[in-house]
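Okay, so chain A shows up in both of these, paired with chain B first and chain C after.
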Partner chain A sequence: MIGVSLSRWTMAYFAAAIVALLLSEALMVAGYGFPALPVQAPQTLVLVHLVAIGWLSLLLCGALFQFVPVLVARSLYSNTLPFPALLFLLAGLGALLIGFLQLAGTIDFAPSLLPYGAILLAIGFALVLYNLGRTLWQARPLPLQARFVAVALVCLAATVAFGAIFSFAFGTTLHSDALLAIAGQGLPLHVSAGLGGWLTFAAIGVSYRLLAMFMLAPELNGRRPQAVFRLGSAALAVAILGGLASLLCKAPVFPALLIGGALGAVALALYLADAVHLYRARKRRIIELNSRMAALALVSLAASVVLTIVLLALGRLTQQVGALVFLVAFGWLGGLGLAKLYKIVAFLTWLECYGPVLGKMATPRVQDLVVEARARRWFVVYYLAVWSATVCLLASQDLAFRLAAAAMTVATLAVAVQLVRTRLLSNVAAASRLPGSVGRPHLLICMPGPNR
Partner chain B sequence: MTETFAELDVRPILRQGDEPFEKILEAVAALAPDQGLRLYATFKPVPLFHVLGSKGFSYEANELDGGDWEVLFRRSGTPAVAEPVAAAAASDAAGWPKPAQQMDNRDLDPPEPMVRILAALETMEAGQVLSALLCREPIFLLPELAKRGHAWHGAFEPDGTTYKILICTGGHRDAAA
Partner chain C sequence: MFIQTEATADPKSLKFLPGREVLCDGPLDMTDRDAAACSPLATRLFDIAGVAAISFGPDYITVTKNDSDWQHLKPALLGAIMEHFMSGAPILLQPARALSPRSQPGSPETALLGARVTDALRLVIDPELGYNIVDLGLVYDVRTEDGITSIVMTTTTRGCPATNYLKEGAHEAASSVEGVKAVEVGLTYDPPWAPEMMSPEAKGHFGIVD
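Moving on to the complex of A and B:
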């Protein structure tokens, strides 16, 4: 056991992710894309991919470069590869968004940039997958939490593959019947693999460890988390592989999605039961802001499951799928991401700056890097705004939705300011901020060194 | 490449609350060149994977019914790249003096256990041993111990939830860091 060192580029991923989140929120405030335009409109695709790739995927990649090594107690395969991967991902996202703007007619030049965006994104994600894959491969047999991440990475590859097929279908001329069938009917599979397989499954795996770690709760490895993993993996296999098989046989994909969705709902219910158990079994009575706010993300996940079932029962799922995806993306994934960022940025910055001098001189505590009272109200505003916005979408109140989105934007901006203050040690009393040879941390790069 | 396995069951030793590390290293030293080791333990002996990895063994761990573990160590030919840290981690605690200080950090909020251990080490003489109980593997502490020239030996206790680490203070501490 040689321990885990700091991931060099994680902060840069986090920064890019938050910029993408703020941009996408600003677009919603401006009434760009859904709900003013249909879900399939190119403008909505700009918004959706800015959130899914720019905010959530970059956030998750940055977090995994730090936490996959923690899950498997091994060093990251490469601390250098994440940087070129980030450049490819940002360039690919930019090209993809321009490609959608070309489809929308906002930008008027040929040829389409969609295939170039897909290629750049595929290279970027391939670098991420190679790096994390090598790290996991060296650590076999994998502990349960890391197995969630392994399945999530497979789903990421599937999501990128579907996306690339769509990009080539929209941006070039495809001649393969099979690829055209996927491009025509594969959208639900792309969304299931991305939101369900990649983002949600990885978040579940990492949250099992982070919730236990930050609340001093016993690690869960028993039957229920095993069942969550097996049922969840089965759900994804049925929905994605079963859906793909149906599609290639020219059968409807809905049955595969329904069976996969039912298995997935059971897996999520068991996961939520585990999460409640972690909160109840914690040794730490007073929990930090990140754990309290993560609970609201879990509430959003539970609400998403219930909403799916209700909409399905009412026969309104197709019409209201936008509201559902919004709640999953901003309430569950985005809420959990922001809550955990609040702790992770503080902890990694503290370790980078003060780790080398711990015990040799007086140093601030991790909690001295944050002012929870200041951040708490903005987190609450964020969640209330997300839930209100979901209700507005369900009730087709577009103007009210934009107002709620404005509240989300302000709250996100305020939390982002707190994260930057934490990173730059601005919340630490000036007298104790930089003892001895401790240097000021760089905003975007972790550089633990002997003189820091 | 290894076909035959010597068998070692350390479960009785662990159940008595004793430390089987020395016994395992003896068994490894006694292996024939083409022989592997089949080890039975009451928990997944993760620290051992790294220690034997540095001696050129790969491993395959299987959970048995009842929560015990069977681990097959095979000679993989080349010793894993001996990182300087791994050498320290692989320290055999058998020859170390009795701990001069003991601490129970199991109920402390992270990263307080790490803070207290590093603070205590600064007050100790070179060669003295600190024993600490933790509620998880201290993955962020270990690189710091290595940087400061301390050696350590850590493993989960038979209960599977308490991690016990012994740290032998190094002589060349970097006072200026």
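Moving on to the complex of A and C:
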């Protein structure tokens, strides 16, 4: 099948992701967890997992259900599985967060919900992996962009496995020396597999295609993107598998992380060079807001690489890792996610509402579903707030960090309002909003067809 | 790469021989920028001030100038031809028969019907770009015979979620034309779509500079 259909549950994933982002930002404004408390504090773990699973992973899963089929020009294996997967992921995240609150002493009851959270999350992510994995498997040989996603899915499995081991170590009694070794020192591997492998590698693969598509730039499949894929995959293999082997051999994991990090930095530098090339070689001189804001996410990624190197050189990486992870999560991944969300919500809503009447009557354009001028200022506020918050973290200015987080929250809320307006067709001129049999779309579910 | 030049009977025309195949199905004559939109090389040559017409043959390119001086024009033309062949870009972006979405030559009635179908297809917009599929160059061919219309089209990217909607939209739009009894819409990715296939108006809309 050359054309692919709309992913029914993608909007629900996006909605859940935005709610998680707003909650996590509100917690930061309230001074909950890091930086007021250490990185390892249970309160910080609440915050981190709300961002990593609730915001970024749900966002990426929702996007992949729609865009893996685009990357491989095949339909999604199942349009039904995403819904139970979402339920398991939300239930698992809830249980995990309650488990952390039990650790923090905020909630006082036994037994620990951490293992239950891990099991529910593992089932949810297994459904995601099965669905996307079967879609990719049927499309072999995979195009380059889809291979990035395939590696990212393997890293997701690794991340979930590490997380499950931690949860069982915290919530039950482990008797295996190997599992205890992983639970004791495997955190950097969990973070590398999650942030680097799952989230960043998938974002790179999808962005190669989306940036080219949205800017009418030539698709890149040459030596440099191939090198990004090979170096990046090697970096992840060295960091995760090498680190794991070191742990099991009771050796320090730092050398594997350092070598993996060096390979990863080269891969990211090459990826950034490709991204710059895409912007320069674009045919569409006047680009849309999503492409302009994605450029700021790429700036955040470049800043993250430079910051890592500088902190490493200064011997301050361990102390400042919180600021670095913050910049990666909110500047690079979060910024790119919000920017692309702004386009994807409009695009999918248009397809759902106006696709079925195309050719029968005049239809608005995707661009008519959004008001870029209104959203632009909030995107700018968001990025400025993220960068300011990173500086505040580096300078240990907790109060200033909370103020910056407040600006992030306001900006995110404003972008979220724009997304809801887009989804409800509120920006489309009344005369052309609902022609003929077109009905107003459901906020959370895509139901293509004129007679919804 | 060495490009030879050869004088022609017309002093306003000069033949350039790049020493490699140009257009095996030639000659193809282009007398203005619109006609040259199908060819990156012709577009590049029309960018040079003073070029009035271009013709591609099997192994040559003939350039006709207006009142400009060959002394100034020739180095620019040589440079443009050299740059094109070094870039590896194709001579034509699509087979010559699909250069513009119009009905095949035939009776005036058939030609008129084809033109009306093409006009009707302008109702269908590519959602991502927000412009009609005809001027975007997504419609490769429109043929009508005895009221049966055959449309060959593409999408901007393979696997685009809008593909089926665009096909059905084209079908609906063509079916609405009086005199059309049946419509067939075929999808092709050979050649793949490129922004160069847009009409000058569409290019202007997106700020695309040749």
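Definition applied: the second predicted complex is superposed on the first by the 447 of 452 C-alpha atoms of A that agree within 3 Å, B and C clash if a C-alpha of one lies under 4 Å from a C-alpha of the other, contacts with A are read in each partner's own complex, and residues count from 1 in each chain.
Here is the rule we use: a contact is a pair of C-beta atoms (placed from the backbone, for glycine too) under 8 Å apart; a residue touches a chain by one contact, two chains touch by 3 or more.
Worth saying up front: this structure is predicted, and the values here are computed from it rather than measured.
When both complexes are overlaid on chain A, chain B and chain C end up clashing with each other. In the superposition on chain A, A:P141 contacts chain B only, with no contact to chain C. Contacts of A:M213 after superposition: both chain B and chain C are touched.
Once chain A of one complex is fitted onto chain A of the other, the partner contacts of A:Q397 are absent, as it touches neither chain B nor chain C. Touch criterion met: A:G355 reaches chain B and chain C at once. After overlaying the two complexes on the shared chain, residue contacts for A:Q66 are found with chain C alone; chain B is out of touch.
In the superposition on chain A, no contact is made by A:Q185 with either chain B or chain C.
Of the two partner chains placed around the shared chain by superposition, chain B and chain C are both touched by A:V366. Of the two partner chains placed by the overlay, only chain C lies in contact with A:R285; chain B stays clear of it. When the two complexes are overlaid on their common chain A, residue A:Q226 makes contact with neither chain B nor chain C. Only one of the chain C stretches 20-28, 74-82 or 182-190 carries C-alpha atoms that clash with chain B in the superposed arrangement, namely 182-190.
Overlap of the chain B and chain C interfaces on chain A comprises residues 2-5, 69-70, 73, 213-214, 216, 283-284, 347, 350-351, 355-356, 358-360, 365-366.
Interface residues of chain B, counted against chain A in their complex, comprise 46-47, 50, 60-62, 83, 85-86, 89, 107, 109-111, 114-115, 118-122, 135-144, 146-147, 154, 161, 174-177. Only residues 123-125, 127-128, 130-131, 155-174, 176, 187, 189, 195, 206-209 of chain C touch chain A when the two sit together in their complex.
Residue ranges of chain A in contact with chain C, taken from their complex: 2-6, 66, 69-74, 209, 213-214, 216, 283-286, 347-348, 350-351, 354-356, 358-363, 365-368. Those residues of chain A that touch chain B in the shared complex are 1-5, 69-70, 73, 141, 213-214, 216, 218-219, 283-284, 347, 350-351, 355-360, 365-366, 437, 450-451.
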